[in-house]
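In the two complexes below, chain A is the common chain; its partner is chain B in one and chain C in the other.
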Partner chain A sequence: MNRLSEDNTGKTLLLMGNEAIARGVIESGASVCAGYPGNPSSDIIDALVKESSELGIHVEWFVNEKVALEVAASAAMVGLRGFAAMKQNGLNVASDFLLNLNLSGIRGGLVLAVCDDPSGISSTNEQDSRLFARMGELPLLEPSDFQEAKDMVKEAFDLSETLGLPVIVHSVTRLSHARGNVSLGSIRKSDKTPYFDRSKPFINVPAPARAHLRLKEKMVRCLEIIEKSPFNSYTGPERPELLIITAGAGRFYCEEAIHNLAAENRVGLLNVASTFPLPRDLILKRLALASTVLFVEEGGPFLEEGVKEIYADHVSDLGVLKLLGKSTGELPSTGELNPDLIIDLLSQQLGIQRKKRPGEYQQGLSRAASNLVPARDLAFCAGCPHRATYWAIKKALALDGRDGFVCGDIGCYGMGSGPAGWSQMDTMQAMGSGTGVASGMGLLDSFGLKQPVIAVCGDSTFYHAAIPALINARQHESSFLLLILDNSATAMTGFQPHPGLGKTATGKTAPAVGLEDLCRAIGCPVETVDPYDIGKTTQSILGNLESPGVKVLVLKQTCALVRAKQGLPPSKVKVDQKKCIGDSCGCSRFCTRVFKCPGLIWDAGTGTARIDEAMCTGCGVCVQICPERAIVSEEA
Partner chain B sequence: MMELRKDPFNVVIAGVGGQGNVLASLILGRYFVGRGGKVTIGETYGVSQRGGSVMSHLRVSRKKQFAPIIPKGDADLVIALEPVEALRVLDDFGNPDIDLIVNMRPVYPMAVLSGECVYPPLEDIKDAFRLYSRHFWTINATAIALELGKAILANIVMLGAVLETRVLDIQEAFFVETLKESLPKTSIEINLRAFHDGRKGLLSGK
Partner chain C sequence: MTLEPTTLQLKKLVLDKGLCTQCGACHNLCPHYLGHGDRTVVFHDCDKTSGACYEVCPRTPTNLEALRQVMFDPADITAELGALKGLYITRASDPSIRGKAQHGGTVSALIQFALKEGIIEKAVLAGEEEILLPAGRGFSDPERVVDAAGSRFVVSPTVAAFNELAREDIETLGVVATPCQAMALAKMWISEVSRIHEASKKIGLVLGLFCGWAFNWKKLKNLLAEKLELETITRMDIPPSRFHSMIVETRDGRVEISIDELRDCVRPSCNYCFDMTAEFSDISVGSARLPSGWDESRGWNHLIVRTEKGQKLLEMARDAGCIEFHDVPEENLDRLKTAAAGKKREAAARLAQKSGTPGDLLYVPADDPLLRDCLTIP
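Now for the complex of A and B:
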């Protein structure tokens, strides 16, 4: 099998963008690699974890992105190379540290890979993280293919050491999670001995403005380097009818469109290696030879606004240019790009007809597809403890009768906001914010808010960001119930470990930091129940809603996929076909239409429910919800 | 260097989460990289929990690295692990010159399991394949895989079927090497059997 740490210069592998970034880290000789899982960035650290023992480097998942970046920076404070990886929301968490580190600087090399998720395909938000580079005045490189994803990490480490600054490498879902050709380079081994030089402390006070001036000076040097970067490229005629300026994954779609319309002789394509700082002289040179300019980039109009600023400073030399992009409406300002958007825009701008499917074919096919193809809704997996949890929440809130509501956040359990969890989750923002928002709601009774408040939070999320909110709630005597959905995994991002599990990413045993212990130390009453026991869970929730103060209920049951990986016992649940009376039961088909576990099938032929042995995990939750007791567990 | 009917040659591998779609695209992709091709693979991605539609876009070129998303109507071959998923992909990426290779075993969506929707008759789906493709082949890949003991082997059965159609320029010996390199040692033998049974199990649709 292919290995990412293979020392085979010149060999070409098919690598995921995230694996290419990881290989870049390996080739750069980084000593410490840190992250917190979050898609689309998770595979970078996952890939490095697999190679860590072979390479003798320290790779770990840390409690959150801020701590991960602090750990990676510590290596760079003593002369080594450190690396951190995170998604866009992770950079928000880490930004307070980053926006101090920019002023204090580093002495080794520090590269931060940030993967944005345009359209928020696996996120709670859509944001362009590149703005942090502008705010922190830090260099940001944007690889535009798989080879560059690897090579730019090496470039970023060199730049970081040259400037004494952290450098951001920015990726997006369509690069991080796609695969392409990557030719391997040689692996550098670190020969540095770490040493903390106390004569040069990393402190911005008492004169942060002086430190800021030092940063400005470093960025002047940075611009000189960026202007000459081998990753800047221009293809096309010297005086193009249309000049496209692009960066990152946007280049894919520009090249696709130019190829599709055979417009190579009419369109010029300038790809910039860095969108902060922008290679000013290079851009000015190209603007001077252009009349119409189109900006193509994932995210917001970041490159676009940067170039417009340069243009504004030189407008008297350059004359009037027609500028097209996201801020002028030629391209949508939200959602991710795709090749069709750029092909259609170029087709319109250049007056070249795009090849289309025959109308008859298109219409007939669309009709056939809409008649025949059923939708596939997302659902919790068969046997998922979250389905049982939301069922219990729904039942408890109905029994309580005071119109209680649920504050939540992101994880697999976020699907509780949709049909999979009967729309039981009512707020969803940042990691751990369900607990923080609930702690505030729990203080509003003095204004007359009488509805009971529940917060839900995953186990990994609890460690990441919910602990300060819980401390705050306890200190201020807020009233709400925190449900910690402890499935013993960071399930949504690929089952990475967290501090409660007693092991690290590389499989080493580690002291487990128990979440029940933490909650008790804060002073909260803590109860633990198995969510598969619907009756007991419902009663525990209901009981806790009636008393004042902040209480914690841990719903402990292992993720069904983790149990499947561990080797499941065969299903012991079946539907007694004699007892199941189908629609005449009057239960609205609780089992298949309402509870909707993929392990249960409605058999239209017999008009009864049955178990799909291939899907059922034998959790036994449906046994408890059937009013006719027709679903039976063989153990019972 | 391999021959390509069109450059880039665009393949969509479609199925349902958990069917081994990513591995199938990875093996095909590695094979073409080994033959000197420039390969890009894009994946549907996101909250792809079990039960959702998934697809990979595999693009092979002799010249350059193409985008990870195929433009609409521009696929040359669809390899589908599930019948309605083939039709779903065809609607977006099909054209009169497209070839289809389809595993005819349905994976029923939630709404079908709960009795709210019906799954279309397989003959109706085949009629659509006949009307809206250049050639199509079917295979009972899941049945073949289950005979070998594991439904998940259907993805490798499909790769055997792909070789047999000759739609792609695939050299068997070299492909088998790629297959071996991409799998854990303990499962190579069973996967090679799945691959060979897939070659034998291919059925012509038109």
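Now for the complex of A and C:
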């Protein structure tokens, strides 16, 4: 049963924040839903894909976030409702389009869900995307619980159509990945026939400033609507000792802190529906009744600074207020918030002793944790082709001996920057930047840079962003080796399809856009090897480090998890217990200590290595690295 | 001994100090070291603070006295040339061996004989991996030994091949070794690491080669490539120093290259070597010197017998008629001693310079009694 497409108004479901957003999109009657995978946003489109055939909506993963937003916008230009979802970096990629679309406007509704990752737990950066709303002067709604995650999407579509502007719905990991009760609404069916009205083109030139003026007028209207939004809320005394202004996931922490300290009649909590534009009159009303104000929000001091602007304009009326938050240091200005931070701060401000756990309990907890939860590095799966790739890179660069380095990129293979890949990645910024930076490095020999340059790029990353960089490298005769790690998957984000796989999100076959063909068309020499063959891969990399120009080596081997899902029977390997010399000089636990595949176990009792049959995928790479040839392959 | 991993110790003491001779002793012992071209690299650090690699490396601190005690009769020991039971001038009796050899063909003849007689089961010789780059290979067919004849001017990591072959079900191996390689094999005799000691039992015979220095592979290749087509090289030789040149025979003719040009191509680690005659072997062989001049002496070898085993081999080979002998001019022994002592003095001076402390000769014990006899240590 497709749960999210249930036409059952009033039924309560336990939904993940991202599922609630998806349900909101369904209830809004969106026709086109687009995205590129990126945590913490991927579940939204993943959920919509499941419902797409049932609901007759077009849901797909597109090659990158800019194209995804362009596709969603196309629906909105012809009177349908379009939706796009992405993580903070995706918004960066889509931003040029968005910062033009704000001026050229849309006709149907367009909602853009942006999910930030405070602390960058699964990201290359930490970023507060809400600043794009300020820069683009676009409405930014901040759902603060699961019901709002659904309902505010509907609000966003209505607002978008009223204003003729894309509307941003903002979420963070804390909301996107937690679960709560959501009461379903009715599903709106799209009854529009799409039509492009040529009398109303979407173009900003020749006078973008005029279009800008029109945008400003729209935002004045937007403010009027936001002031009256039912999603603004205030709880607490009329004249609170402490006024907290919050938005989005910040509200969870505040409610928990107030409850923990039983401070309901001392603290007022103002939760705003939108942080751009801020509901100015509502805020001024509450500031007038307060003396101390605390700002609680995930991300940067966006809400905080916005309110300070409003305050600055009215300081003569409001008098001196004590303002606390991220920019004044009461709360950390980096990293994800947690309830303890807010509880401790409130306890300090209000002089309330916090209910704490007894010391022995805390100590016992730490002891148990250290015994049962050993510290672990991020690791590649057993059988991951990237482990073999980084081993070959490490070997080739050691043999080459000229201090070669690796410009890296984003994906599972991004973990190569750490112990999982023996730190064989030296730069990592945005999608496709590995190839871009390498194409620059490959031009620096005229200044005396003698170190060989390698770029690594995944298959999905390649289609997303690396192609222009490769064209650039070819045109400028930059000298480096591009390793494309083709594991036939967008693995890190959950195995969404990409253009090379020949199928769509809904599983239909589609033309495959050939990766090697693209590289050859650009004019690069292209070779393909299986990374599981360590010897051959090392030699291929080594051989390509001296010649000039850009060369492409495709390391093609299916992701171990994709293989497992395909049900292909794994072959087996075994450690010959008589041949294994274990800890002795000559090996020193090379396979478990250095290679570190989780399929290998060090048995301290026997002093030898053995295979974990539950983990091992039979890839056979360890067979090649054992110095005693004690590991052997067997037929499954 | 420090508490750092052995790989790090070797890196600091030998590799980073430019002392590595690429003898290959640390290759094929474990997967932490890799050899490529004429370089040794540490692939990944080991976690052991003592190990075989450190023990066998000829450039880690070496107890020369202990080696001499195990290998030689103290009565035979000379300060300049090591153990010397006898000095001979020899050549292979078989002209076809001489035709393929560098000079007298003595090494090829002795190895061929040792294989035929079953004194050794396999010989570890220098084959060719790439143009001008040798690698160690095992030979069991006596007729194929001449394929490996001829001097190499770039060092061959022959001990790497020995390490590999020693794992096989084999009782005795013969090795043709440069002085640094012979040193590595000798250090295996006194190693306390059991697997090294087991491997050392398989050393049936060490035929050492006289050596002045070797070239860096890339530099030699690049220099020669400027002057000729590398694929056409048929033979290379460095005549006695008074000729001040290297001769390269090619299919298109003969090219003479001044030693001055080649100086920059010398492998830097060779500047720190004190052993001209491969002192730690059973028999050592080099090119001969005769009063009649190079045209005659180039067809003969100097041969030093050092051990009982070497003595026996030479006598058996003589009796079988595969080795011919020439009178040894009286002055040759002294001349060899002078040349050998000169190399020790130069090495000592350079080692003291590298260490920064007079009296600190890095891997060589400065208080070694025999070394002191040859040197004037400030």
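Going forward, the second predicted complex is superposed on the first by the 615 of 636 C-alpha atoms of A that agree within 3 Å, B and C clash if a C-alpha of one lies under 4 Å from a C-alpha of the other, contacts with A are read in each partner's own complex, and residues count from 1 in each chain.
By our rule, a contact is a pair of C-beta atoms (placed from the backbone, for glycine too) under 8 Å apart; a residue touches a chain by one contact, two chains touch by 3 or more.
Quick caveat: nothing in here was measured; it's all calculated off a predicted structure.
In the three-chain model built by superposing on chain A, chain B fits alongside chain C with no clash. Contacts of A:286 after superposition: neither chain B nor chain C is touched.
When the two complexes are overlaid on their common chain A, residue A:394 makes contact with chain C while staying clear of chain B. Contacts of A:627 after superposition on the shared chain: chain C is touched, whereas chain B is not.
Here chain B and chain C are compared by how many residues of chain A each touches, and B touches more. Once chain A of one complex is fitted onto chain A of the other, the partner contacts of A:593 extend to both chain B and chain C.
When the shared chain is aligned, chain C comes close enough to touch A:585, but chain B does not. When the shared chain is aligned, chain B comes close enough to touch A:180, but chain C does not. The overlay of the two complexes leaves chain B and chain C separated by a minimum Cα distance of 11 Å.
Once the two complexes are overlaid on chain A, the chain A residues touched by chain B in the first and by chain C in the second are 593. Listed in rising order, the residues of chain B touching chain A in the complex are 16, 26, 29-30, 33, 38-43, 45-47, 49-53, 64-73, 84, 87-88, 90-91, 94-96, 108-120, 124-125, 128, 131-132, 151, 181-184.
Residues 1-2, 12-14, 39-40, 121-122, 145-147, 173-175, 177-181, 252-253, 255-256, 259-260, 338-340, 343, 356-358, 361-362, 364-366, 368-369, 371-382, 412, 415, 589, 592-593, 596, 598, 600-602, 604, 612, 614 of chain A touch chain B in their complex.
Taken together, the chain A residues at the contact with chain C in this complex read 394-395, 398-401, 422, 584-588, 590, 593-594, 625, 627. Across the complex, chain C meets chain A through its residues 29-32, 34, 36, 39, 41-44, 46-48, 51-52, 193, 195.
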